[in-house]
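In what follows, a structure is listed as structure tokens, so that the remarks can point back to it.
Think of it as A, B, C, D and E in the order they're written, each chain with its own count starting at 1.
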Amino acid sequence: EDDEPSGTDKGGASAVKTDKGVDAKTITLGALTDMTGVYATLGKSVTQAQQLYVKQTNAAGGICDRQLKLEVKDHGYNPQKAVSAYTELAPQVLGFPQFIGSPFVAAVKQRIDGQDKALVIPQAWSSTLLGSDSIRQIGATYDVEMINAVDFLVKDKGVKKGDKIGHVYFEGDYGESAVAGSKFAAEKAGLTIVEQKIKPTDQDMTAQVTALKKAGVKAILISAGPAQSASLVGVAAAAKLAVPVVGSNPTYSPQLLKTQAAPALLANFFFAASTLPIGSSEPGPAKLVADYEAEYPGELVDNGMIAGYTAAAVFGEAIKKACESKDITRAGVTKALLSMTSSDMGFGITHDFSDPSQPSTRESYILHPDEKAKGGASVAKEKFTSEAATSFTPSAG
Amino acid sequence: MSDVMRRPRFWLGGAGVLVLLVLPFYVDRFWLQSGLFAMAAAIGAIGLNMLTGATGQLSLGHAFFLAVGAYGYCVLAGTGDDGVTGLGLPTLVAVVGAVLLAGLAGGLLSPIAGRLRGAYLGIATLALIFIGQHVLFNARDLTGGYNGRDVPPLNVFGLRLDDETATLLQVPFQSMEKLWYAGLVLLAVGAFFARGVLHGRPGRAMNAIRDHQIAAGVMGVPVARVRAQAFVVSSMYAGLAGVLLALVFQRTVPEYFGFALSLEYLAMVVIGGLGSVSGAVLGAVFVSLLPQLLDRYSDALPLVSAPGTGGVAPGEASRYLYGAAVVAVVLFLPGGLTRLRAGTARKPS
Amino acid sequence: MRESRRDRQPKTDAHLRAAPVVPVHNPPPPPVVSGSDSAPRRGRGPGVVLGCAPPTEGVPMTAAALQVSELTVGYGPVQALEGVDLEVPEGAVVAVLGGNGAGKTTLMRAVSRTLGFHGGAIRGGSVTFGGRRLDRLPPDKVVAAGVVQVPEGRRVFARMTVADNLRAGGLGARGGRRSAAAALTRVHELFPVLRERAGQPAGLLSGGEQQMLALGRALMGGPRLLLLDEPSLGLAPLMAERIAEAVREINAQGTSVLLVEQNAALALGVAVAAVVLEVGRVTLSGTAAELKGSDEVRHRYLGVVDETAAADAEQAVDASVPALTRWVP
Amino acid sequence: MTREAPPPLAVRGLTVRFAGLLALDDVSFTVEPGSLHALIGPNGAGKSTTLNVLSGVYRATSGSVRLGDAEVTGLRPHQIAGLGMARTFQNLAISPFATVEDALLLGRHRLTRTGFVAAGLRLPSAAREAARHRERVREIAAFTGLEPYLGQPAAALPYGLRKLVELGRAVCMEPRVLLLDEPVAGMTSDERRRTASVIAGVRESLGISVVLVEHDMGVVMRLADTVTVLDFGRCIADGPPASVQNDPEVIRAYLGSSGAPESPDSPKEVRP
Amino acid sequence: MTTFLELLINGLSIGSVYALIALGFVVIFKATEVVNFAHASLLLTGGFIAATLSDDIGFWPALLVGIGGAAAVGALVEFLVIRRYRGSDHSVLAIVTIGVDILLLTELTRRIGTDVLALGDPWGDRVVTLGSVTVPQTRIAALVAAALIITLFLLAFTYTSWGVAMRAAAEDRETAALMGVRLGRVSLAAWAVAGALAAVAALFLTVFPTPGLAAATSFAAFKAFPAAIIGGLDSTTGALAGGLIVGVTEALVTGYQDDLSFLGRGIGEVAPYLVMLLVLLARPAGLFGTRELSRV
């Protein structure tokens, strides 16, 4: 039954074309998440936010006279499980509003673009995933993020031509596409990047700081996890290396403000993001926080929620559009998404999905730790696009 | 012959084979894929069991040799048009080449391995994992780096085992269905060969080394050479397993070939039963299918709820059960799962 | 278990068949023989004789006696001991003779409670020491009770130094530091080589040296009953005598000894009483003197052969050499 | 029957030094072709060490061992085995899981060729070889009295039988020189006699040389053509049994006051 | 030059933490010849208990409870699992510990989840400045603690009867039992001690310069493998030496990453294993390990 023939079902009030993952009453979506592995942090809040979206949408009557259903599979960041989970869900769902683990997305890319053609929104922003009709990231890719970060350092933090800036990054898609960006920007701005590649297992940044100090850097970029950025900032401060540190989106989590590193973080840590901070007073985030806390009392709120919620919402929008054109087949949804040129989910940034080879935006906010704000961060610099970012062409893998 | 046919084992075996042969006509891709993972694991485990079980050489580096096989195949068979090195050899040749490469890697290691014993050897081989992964991540034009590289589909005498749907008796045959049979053949051949080795002259020499290295030498067994040979053969099995895995994945990624994988293989041979082929196969099936089953059905368990809805997530539940299962098997079946089968009272060798 | 007995029968026959000596299972001469079932308490026979045993500081005779009664032991399917009765009165030396596989070591393991390490278990009967049941205690409690075993085949701690081996021997001792020191000097007096080699890893000692270490190690525990499993195994005649001496001396100092030996001459030289085990059963028991007298024992265990027997023994030897043909590759 | 005698085994000035201890000190003796050469001496005298050097387990500090004109010193154990030297171990060395037959077949290793490929693919050559050698193993088992146990796991056999398996395994190597380290230790006297007869028989029918390390004077005196006595690593006597047995030095260092004569199965009693 | 010194000192200080982990590893190996793959989760257990309690009952009490708790868990593992094993093959027991590790780690990561738990330790992010070199106080504390503990063990193993019992039990359980050694007690003690040591290590792994306890903290246990091997699996001194060597190697290689970039970046993690292989080539039983004796 996994190859149920595409056709038009008479059941629904409106006769719309459907194929996999859609029947008369429900639209099934897949979420390949990581709740037990290295990205459990991200996975949990993304998934809960998406479940929230599904709940709200269904309460509001669903989409296209159908209820949404989210099939969640936890792969614990294990390639074999991830691929198996994909194989299991692929025949049953319309598409994937969540797929954590860009290596795994890459692993099944062939099949997504090949026979499956289901819309996948990965929670991973490496530009290697660009260029596919079916795999669509939401937000600026890591490289664009870092380009804007460098621009911020030059414009607002007094980093000058000829200066050196360090970049500490994870091995893997995330860190390495971030470095691609910072290098590009440094090139433009006449700076040099001092690389420090680390592994997720490295928790103590002392050696890295020592090395950067030796190199005499004027600022530090970091594309790693929260633990690493906290250590980095703390050690730098202790070592009297008082330079601004700017991180990628995944480098910050509100818990850090409860650690030894808090003062240092508040003093000179920033991070780039292509959404408003969850604590912002804008209606979008405010409402999300309210609903989220109502749904999951006592759960911490962080930016992962926004990523998750946005992904689900965008997917929902795409289905709605597809429904209007009476075609909620996989192809229909993908087509619908392509026609969304300025979608704003209320988190500050409008996305243009018309060109699969480009990130949906090149804008970034620069955020700053803030113990008063919800989610522990507030806007340090309003959204902007550096000219370097506009001239940058991501290297699609 | 006839008395063989009178034995129930014969009929059971026959039935089993039949089921395996018709399976692709009935089960969906997910299960076929899981099955193929198990087959690959079985091949790898047989290799490891020859080394650790039969020759007493603890190895935590098995994943490395799997990687050599997997990437070796990609490099040899790859067309090179996706930006990474590819020699574009015929895929069957590439398979053989990859296996040989893995064997070579094992051979190169054996001088070091030859000097080490027990846990020292085990952890020394662990180094291979870290070094190997480092290379996988950094030797971009060979491995494609962190995002790995595509695996050219196997091409058996003009029949491409890829996702081009070929319909057979109204059943769409895609890569998994086709690979299924390739997997079966490889496993069968591998098991047959291993049995021959273990029950034959080399097997006796290997066991002698395991049980009393000095005596083995005095009995005329060239200890260093046999240990090296065991290493090479086991690596070749790993290589073959790696190739099959790659074909199933359709893309190889470095993350996969990590420490955890090596431990899984060790668990397979121990859980199945050290030193025997059947043990390796049983263990492989247990270790690679159990988590799948648990993942799939654990939400049926009490106080397990869908991920993100609070409570114990199925992923977690299956981890618990898997961990418990590993402990239980080792504690209550010290000889491994093979002990469950009657007639294998004495430790096989 | 009848089964298991029967299928072990041919085994024994088989490996004795080739042996050019009087058949094994001929009914032994009446006076000394006692099947354990026929007259179990006859086992006490030797005990009584022990009036002449070395005086033991006024303790009532059987106070600290080892009493094995109706002991049945099996390893899974294998039945290794069946209804064995045996007594080692306070201060006595009792020897256990028997061929390979007779069950001597098994008997030792049953007393020291180490059957578990070999997948064996006591199926029936009891073992008491000084009136206290041993067959429910863990091994360390047995040692604490004063029963220490020297395992078959030495089993020294190869990677530890000779000195540390001796310390290990003292771990189960009840006495304090001083008694330990005393024990050590005593051991060094018995076996000076152990002092010379104190710093050497025990694994590197020669076979005989290891045997001495094993014995010394056991003495460190200050045993009241010493279980010796083939202590003369692999010892030079001189050394074997030395061991015998040691055993006598140890015994003289009030330690009872249960001695398993293949070297029957040595054993019967030291012991006041002995039993013969065959295929898990006591087939003979009596005082050392009685047993020395028995033809059975003389033939099978003492190897003393009168001329005629010797003659056909030699023939049998030649007969049992079916001139192995040479291997032509 | 005509049999080409094995070459003589010449030990010259053998010295083995372990950390701070001289285990062998300039020991020399020659094992005449087809003779049974006993090596006796107190515990720790260096007998096993000698065998360990002869079989390549230890390296000699100095001195040489030659088998005919082949230099043995410095060869690896399996190369020495290749020259036709087989040995048994004082502390048994048998695989706990192997059946008696497997244990004996292991002895055939150097005489067989089947490699991984042949064994794995079950090539006819392998099958033929296996069949031939199993047959021979059966012969030898029958000869040593192990036939009834061929199918059993060696480990479950009692000590004495396991020692016999060791002996059988060495014989299975079709040696030209057989090195035995205390083959009858731990046996009842009738088993001793039987094992002795096996040893004698092997030597008789195969015409090989035997080096025998043994504490049982009965067996030594009955079987040996020549006896070398070691004490603290030095050679203190060498010659035919009778003379050695009455050598006061030997009696002092080894046999002890009570000497051999009274010892249980001494030659007087066993010889007709 | 100052950079080198700084790296060296940092390496030594983190190395001393690795030494503590390695020591726990060695203790278990000495007593039971088990390669303990559950060490990571023991470490995390100790850290987790201490971290969750420190807010309520203060740092030092929390630390003690943490150490006690980890010891208890270690003992429990021994009592419920290791002791039940009837076989003799030690590589098999290693597999059991893998199972245990899966269980513990899953539970802990589930509880820790997204958190980074701060420990509220007295040292804070204060540093000591020696000339041009700055070292966190926490690391000085680690060095001292490691040195003390390890000397203690060295003495215990060689001189106390507990040490003798451990070595005896490790080598031949049956014979040890014949000597009156309480096998159960010995391995129970070993596991408890290993747990406690892991907890102490966890402490130093979660205080400054690291922000706090995260699920990933357990990865540090991987450093124990090369450390224990380099030093020699059955040597307490070796644990210390190995730990320091691993720490220094890591620090230097990371610090001079730019000069080593031809090896590919991020070899900080790999380097210790390379060093390990080199050491093994020269000494198959590690620097201080006792060689396998061969005597027939």
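As a working rule, a contact is a pair of C-beta atoms (placed from the backbone, for glycine too) under 8 Å apart; a residue touches a chain by one contact, two chains touch by 3 or more.
Since we're looking at a predicted model, the values are computed, not measured.
Trainee: What's the fewest number of moves from chain B to chain C, given that each move must go to a chain touching the current one?
Mentor: 2
Trainee: Return the chain whose centre of C-alpha atoms lies at maximal distance from the corresponding centre of chain C.
Mentor: Centroid comparison gives A as the farthest chain from chain C.
Trainee: Counting C-beta pairs in contact, pick out the pair of chains that comes out on top.
Mentor: Going pair by pair, the biggest contact count turns up for C-D.
Trainee: Quick check: how many Å separate the C-alpha centres of chain C and chain D?
Mentor: The separation of the two C-alpha centroids amounts to 27 Å.
Trainee: What is the distance, in whole Å, between the centres of chain B and chain E, each centre taken as the mean of its C-alpha atoms?
Mentor: Taking the average C-alpha coordinate of chain B and of chain E, the gap between them is 31 Å.
Trainee: How many angstrom lie between the CA centroids of chain A and chain E, rounded to a whole number?
Mentor: Distance between chain centres: 36 Å.
Trainee: Take the average of all CA coordinates in chain D, do the same for chain E, and state the distance between these two points in whole angstrom.
Mentor: A distance of 49 Å separates the two centres.
Trainee: Residues of chain D touching 2+ other chains?
Mentor: In chain D, residues 48, 57, 89-91, 93 touch at least two other chains, as defined above.
Trainee: Where in chain A do residues touch two or more other chains at once?
Mentor: Only 36, 44, 171 qualify.
Trainee: Where in chain E do residues touch at least two different other chains?
Mentor: 106, 110, 222, 265-266, 269, 294, 296
Trainee: In the complex, go through chain A and note every residue touching chain B.
Mentor: 2-3, 31, 33, 35-36, 43-44, 47-48, 50-51, 72-81, 83-85, 87-88, 90-91, 102-104, 106-111, 114-115, 128, 171-173, 176, 296, 397
Trainee: Which residues of chain E touch chain A in their complex?
Mentor: Of all residues in chain E, those touching chain A are 3, 6-7, 10-11, 14, 106, 109-110, 113-116, 118, 124-127, 134, 136, 205, 207-212, 214-217, 219-220, 222, 250-251, 254-258, 261, 265-266, 268-269.
Trainee: Chain D touches which residues of chain B in the complex?
Mentor: 192-194, 196-197, 199-205, 207-208, 210-212, 214-223, 229, 233, 275, 346-349
Trainee: For the complex, give me every residue of chain A touching chain E.
Mentor: 36, 38, 40-41, 44-45, 171, 194-208, 210-211, 213-215, 225-227, 230-231, 234-235, 237-240, 253, 255-256, 258-261, 264, 300, 302
Trainee: Under the stated contact criterion, what part of chain C meets chain D in this complex?
Mentor: Those residues of chain C that touch chain D are 10-11, 14-21, 75, 78, 98-102, 105, 152-153, 193, 200, 204-209, 211-212, 230, 233-241, 262-265, 299-305, 307, 310-311, 313-314, 317-318, 320-327, 329.
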